[in-house]
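Paired with chain B in one complex and with chain C in the other, chain A is shared by the two complexes that follow.
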Partner chain A sequence: MEKATVVIIGGGATGLGILRDLSMRGVKALLIEKKDLINGASSRYHGLLHSGGRYAVKDKEAARECIIENQILCKIGKGCVEPCGGMFTRLDIDDPAYEELWIKGCADSGIEATPITLDEAFKLEPRLSRKHVKSAYLVPDAAIDGFRMAWQLIDSSRRYGGRFKTYTEVIGFDTVNGELRGVKVRNQFTGETYEIGCDIVVNAAGGWAGFIGKLAGVEIGVQPDKGTLIAFNQRIVNHVVNRLHKSSDGDIFVPHGSITILGTSSMSIPDPEDTSTSRAEVENLLKIGEQTFENLRDFRILRAFAGSRPLYIPPGGASGRGASRGFAIIDHERDGLKGFFTIVGGKFTTFRLMAEKICDQICAKLNVTEKCRTAEEPIVPEVSQADKERARKFFPSYGTELAATRLGVERFKRVVERLESDVESRELICECENVTRAEVEEICKEDTIFNIDDVRRRTRIGMGTCQGNFCSFRATAVFADMGGNSMAKDSLVRLREFLQGRWKGIRPVLLGRTLRESEMTRSIYELSMNVTGGEPQ
Partner chain B sequence: MNDMTKAIFTGDRCLSCTSCMASCPVMAAIKDYRGPKLVAPAHGRLHFSQADIETTLEFCSNCKTCDRACPSGVAVSTLNMLQRAEYYKTHKHTRAEEMLAHNERMANLIRKIPFGATFANIGVNIGKTLNVFDKLGIAGERNMPTYAATPFKNLFRRIKQSTSGKKIVLFTGCYINDNEPQVGEAFVKVMNANGYEVLIDENFNCCGSPLVSMGFLDEARAHAGNNVARILDWKKKNIPVVTPCTSCSLMLKAEYHELFGEDVMYEAAQNVYDAFEFLELLQERGEFNDNLKPLNQKFLYHVPCHLKSQAIGLPAVNILEEISGVKVQTADADCCGIAGNYGFRKDKYEISMKIGKKLFERVKQKDFDKVISDCGTCRIQIHHGTDIKPCHPIEILAEAY
Partner chain C sequence: MKISDVIIIGGGLAGLMAAAVAANRGQNVTLLTYGSGSLPLASGAIDFLNAKAPAVAIKNLPDNHPYKKIGMKNIDAAAKFFCEVTAQDNLPYNGKLSAQIPIVTAVGTLKYSCLVPESMDASNLINKKKIYVAGVKGLKDFYASMLVDNLKKYFPAKNFEVATLDLELLGGRDITCMGAARLLTGNEQILADGLKTLNATADDAIILPPILSLEDSNVKSQLRADVIETTCLPPSPPGIRLQRAFTKYLQRAGVKVFGNSKVIRGVVEDKKITGVVVKSVAREKIFYGKKIILATGGFYSGGLIMHEFDKPAEPIFNLPVFCRAGAENWSNEKLFDDKPQGFSMTGILTDENLNPVDASGKIIYENLHVVGANLGGVDFIHERSAGGVAISSAYKAAII
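Showing the complex of A and B:
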């Protein structure tokens, strides 16, 4: 039987943070994820590395955690954090009294909030509404990319012996006399089920944590809380732009690489699998968003998407925006189940801290005395300037830096070599996000890639302007050629499922130019390739 | 104007459809150019990621074919020119670029060469006779542009016109002023015949088109500022500004506000007309003088890219066909390849000639009496590529009055 000291359930930010932390302390840990990594909230989120400003009035404790973690991640996460800075803007319709409370809250929580003149604000963010914006402050918000961070945490964990399995679902537990001995899992492709022996299980399944609890026979108050987000085709903002008012829907814009994300909303739902979005939700977000950016509707929308926050509801607590954004660690020994831990709630921003806290408890149980080192060591080493210089000769312009952080030192080196020796590998698979064939080939070869969406999350193909129009068939062909598993050969199915995935996010925003784009997709795939995508989902 | 309708923001409209790539004449001629969609709209989204430059952007000739091919109204070539100007913020211009961007410097250089103007006027081959241009990086194969003994400005003073309540201002443009004053004279004759008195405004600058395509954007901006103020002045007096040079008119009508985005530029544009566009307007109002001598001739018309970009149809064809006996056939052979000063660069000469091949072949069929084209550099290119000397359509019309 396969064995590990600790099995972690869930490949979101929380689970990955724990895998890295335990591995660095020398604990044999294995992470189990039922789909690809960051299948849950950790990619279906806003991408804001909070300064804490958002919580400065309501929850100073959370605000303080945020600013500390923000500073740590800016230091250790150079490959996934973009230190773009943030701005809080109060509009004419917002309560000026809140501004006073907020200034004080920031000061109390150790968040530097620098007032700026409106002229400065408009210079930094030219698209802000001159009519409505009344005051502005700069804060140290940043943008953080869940896709890159996830795989960087994996690279980091692997260096310390950490292991993981994707597309493997936890379906049950093996307990003997109230003590956990292992987990039962199922391979999602083959259907094969088997057991993995372990001493400790960490339930880091986010919005699914309650379901995992049920499998283990314990009650966990987790309320999946759905938030919808809109991705725009380009950077509308240079900073994270927040509304300076009591936190509400649609009041944050995050510049996320080449795009901008506007969000979000808050809606309790029974099942975190529900990632649907609707025209009404999109409309609601636009209505609020255009108070800050008057011309918002003139910007091209790429898609809408949604994820579920794992809100922890202690018995009798509030849900929705009223619920705490703090996190909870539960040692289920209290419920009579030894060796079973749950960690829920919190934020992406605080994943490292959450991991540190729970790993301290786990290590105490295991008599491991190693201290947490995750705050000091960079997640992954940086690609050297020399390697980047060499790469610039072969990479498309504006492509080197982004590819370097996506790929990391080793893969980047291999990709550059490939580009150098094989001229044809320099062609672009994805023209919108500037992804070369060499990079796609490098990723397709990895044994964690089972479909084109997996390639997308690693490379950003299909995530730009055309949403897969031209890269879908090219990437499918490369995967069919390079992929090491039988999934790769079934290329028509792969192409279809990828297009369906793109379509899902486009459908609720099928207006104006997005509609025109879709018609082009349809004509390319339906008329010239006879690929219709199958039944509507 | 709503901010978002400004050209500099049109990159966001790109559907990534590739029409622009399929129609770009430079891409068809040389593989090294990455192509319009991949430079302006696609890279525009990625500028945030690092300080960089698309080096193959130097291949873009600013012919604007991509803009016309685009179904989404992306001002691709303008975005390209803005990027090119970014490049020159940190890079020096070559001497050839300096020279070719500034018509007056070219003229001075030629005047300084002993017998320069004479050589030029007998159409000598630059490279073979005088190594000067070749060394500068200007295509040695090109004939030196011929310089008129008397620039149009001076000729104009001698032209006798009767005063009229109906006036227009002629925006002469450098090429007509320095090289082909006879086009200016023809223009005056045509306008007079239509009851208009022609004025010229000596305070106009070069429209700036060569400056833009060579990346001297600040200088072009200064020219635009002056010219726009002048145009608005004339507008106040209800006097339209008309030009027979299609690159000048495109610049004044569209490129200023596309590049620099100021509302006054848009306003000034409303007072500028291409020469034949203006005549067509007269025709629509029933004011065109159609008392024309018959002329039994067939013309092959090469439509300049920069006229196509104005989206005003082919007014010259419409007007010339008013002359009985005249037949105009369009050459229908795409870009001529010279694109202003582009084809004068040594390193772009071959590309330029390759692009022009289709047109040259069409012209060489010689199934017509004369080739006509409204653009001065198109005429240079056709002459160079075929040994057949074209003229401006306004010269034909002037003949008929």
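Showing the complex of A and C:
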């Protein structure tokens, strides 16, 4: 039987943080994820590395955690962070009394909030509404790329012996006399079921934590809370721009590279699998967003997307916006199940701290005395300047940095060597995001890639301006050629499912120039390619 | 003041066809274009309808379908005229409206169409012993092994061989099919020589990306095997060849073509459009005409726009636009579906003469005719009728 000391359930930021932490302390850990890594709320969010300003009034403890973790992540994961800074702006319709509370809250939580004049604010953010914005402050917010952070955490964990399995679903637990002995899992593709023996299980399944608890026979108060976001095709803001009011929908703009994400809504949902978005939600976000940026509708929207926050509701607690953004660790020994832990709640910004806290408890159980080192050691070694210089001959400099941080030292070196020696590998598979054939080939070869969406999350193909119109055909062909599993060869199915995934986020925003792109998608893939293989009726 | 017999707005397939038909009838024609039209996006083949025998199936369409307004006589005449235009430019098309011809797509499926460039006609593939699939070193967007894997499903018993030609002239990076076709135009011998090294016989076929010369290709005539081009990602050489063939026809026919001419509004007198206003850098210019043909396309080409949900617009004459309002009617959950996509049905409704009409059926402008992807009520992509409707509606509008 396959064995590990600790099995971690859930491949989001929390689970990956725990895998890294335990592996660094020498504990044999295995992470299992029912889909691909970073496919839940850890990538379906706005990518804001909080300064804590957003929580400064309601939840000072969460605010303090944010500012400390913000500084740590900027240090250990700097390649994934865009240090764009943040701005809080109060509009004429917002309560001025809240501003006073907020200033005090920031001071109490150790968040530096610097008031600036409106002239300065409009200079820094020229698109702000001159009519509505009444005051502005700068805070140390930043943008963080959940995908790249995840790949780095995995690389770091692997270096310390950590293992992971994707597309592996938990179907039950093996317990003897109230003590956990193992996890029963199923391979999502082959249907094969087997057991992994272990001493401890960590339920880090986010919005799914309640379901995992049920499988183990314990109650966990987790409420999946859907947040919908919109990605614009332009960089509308230079800073993270927050509304200075009581947290609500559609009041955060986060710039990422060449795009901007506007979020978020908050809606309790029964099923965390529900990542649907609707025209009504998009309209709502736009309506609120244009109070801060009047010309918001002039910008092309790429897509809408949604994820589920795993809000922790202690018995009798509030849900939705009222629920704490803090986190909770539950040792289910209290429920009569020894060796079963749940970690729930929290937010991306504090994933490392959450991992540290639960790993401290686990290590105490296991009599492991190693201390947590995740706050000091950079997640991955930096790609050398020399290798980046070599790469710049083939990438625009913007592309070099991105590729270096998502690939890591060894892969990046191999990709650059390919680019140098093989002219054909320099083709851009994805012009929107500057992804070369060499990089796509490198990723397609990995044994954790089963479909084109997996390639997308690793490389950013299909996430840019054309939303896959050109790169999906090319990436499908490269995967069919390089992929090591039988799914790769089923190229038409892979191509259609990938385009369908893009379509899901496009439907709710199908207006303006996006209509043009969708007509192009259909013209290429239905008319020129006949990807459904249809015969005349 | 010069007054054209007909002004055509739009340089896509419908606009080019309307201009050619009108000029052929001795009319004084002005064609105003802006951008490249949608032909660079097209496969190059003219699809008429998703049916085994489109000529029969068209007769069974509902009366409000554009084909029914155009009439079978005009549809047949349009197909015939289209083939005459392309033949004059040494760009022969095969096919008829009563059957479909298979084309090999870039992914290795077969696609079916009524009028197919001879270089893409794959009808004979079934009779061939061996099928070579020839890629070109350094050419992007052609993946021979994926193509073979998928094409084998149609021809499981056949012998396939993948070959890669090194034509040297493609030695840079990011050469698309269009880039290769351009490089090979007037310099095609290197490709012919490369294909000869395969030693394919008359019993064989060679499938290759659409990189034959953009004009007067003679590769086929040098080889004993059939040479068959596939479709490709845009920009598509077969679409560009078609555009060139029509453009040359219009030149010979004396059509006045004005490029980079964005029409911003019409000059309206009563229920007539007497002229159209073109915006250029310095000033506005008015073109006067007796008849106006609107061929500005759908959402792809900007003939239709929509900034707010449920409020599509036709930006030049502000014609009423048919639209399936409401999120649930606008698009289907599945991208590739067995029913039409609502948003693709957006467009202008017309009467029998292709005059735009309002919701009550009243004609808006008597001398304005709407053709091609501007037309509403039908999802031409789902129906596989975009090309056929474009050329036949253009034909009818031009002869009225």
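By our rule, the second predicted complex is superposed on the first by the 529 of 537 C-alpha atoms of A that agree within 3 Å, B and C clash if a C-alpha of one lies under 4 Å from a C-alpha of the other, contacts with A are read in each partner's own complex, and residues count from 1 in each chain.
The definition used in the following text is that a residue touches a chain if its C-beta (ideal position, glycine included) is under 8 Å from a C-beta of that chain, and two chains touch if they have at least 3 such contacts.
Here the structure is a predicted model, which means the values were calculated and not measured.
Asks: Please indicate which partner A:F470 is in contact with in the superposed arrangement: first for chain B, second for chain C, both, or neither.
Replies: A:F470: touches chain B and chain C.
Asks: Applying the document's definition of touch, where does A:D481 land relative to chain B and chain C: first, second, both, or neither?
Replies: second
Asks: Could you look at A:L492 and tell me whether it touches chain B, chain C, both or neither (first, second, both, neither)?
Replies: A:L492 contacts chain C only, not chain B.
Asks: Considering only touches as defined above, state whether A:M520 meets chain B (first), chain C (second), both or neither.
Replies: both
Asks: Quick one: classify A:C432 as touching chain B (first), chain C (second), both or neither.
Replies: The first partner, chain B, only.
Asks: Just to be sure I read the superposition right, which of the two partners does A:L511 touch: chain B = first, chain C = second, or both, or neither?
Replies: A:L511 sits against chain C, while chain B stays out of touch.
Asks: Tell me which partner touches more residues of chain A in the superposed arrangement, chain B or chain C.
Replies: Touching more of chain A: C.
Asks: Based on the superposed arrangement, let me know which partner A:T228 touches: chain B (first), chain C (second), both, or neither?
Replies: Neither partner.
Asks: Intersection of chain A residues contacting chain B with those contacting chain C?
Replies: In chain A, residues 428, 470, 516, 520 are touched by chain B and also by chain C.
Asks: Provide the residue numbers of chain A that touch chain C in the complex, in ascending order.
Replies: Those in contact with chain C are residues 278-280, 283, 297, 423-424, 426-428, 470, 473-474, 476-478, 480-481, 489, 491-492, 495-496, 499-500, 502-503, 507-508, 510-512, 515-516, 518-537.
Asks: So in the complex, which bits of chain A are touching chain B?
Replies: My answer: residues 127, 233-235, 255, 257-259, 295, 298-300, 392, 396-402, 428, 431-434, 464-466, 469-470, 513, 516-517, 520.
Asks: Per the contact definition, I'd like the list of chain C residues that touch chain A in the complex.
Replies: So the residues of chain C in touch with chain A come to 38, 41-43, 47, 50-52, 100, 105-107, 109-112, 137-138, 140-141, 143, 145-146, 149-150, 171-174, 231-234, 236, 298-300, 302, 305-309, 327, 330-331, 333-336, 341, 343-344, 381-382, 384, 386.
Asks: Within their complex, state which residues of chain B touch chain A.
Replies: 2-4, 11-18, 34, 37-38, 41-50, 52-55, 72
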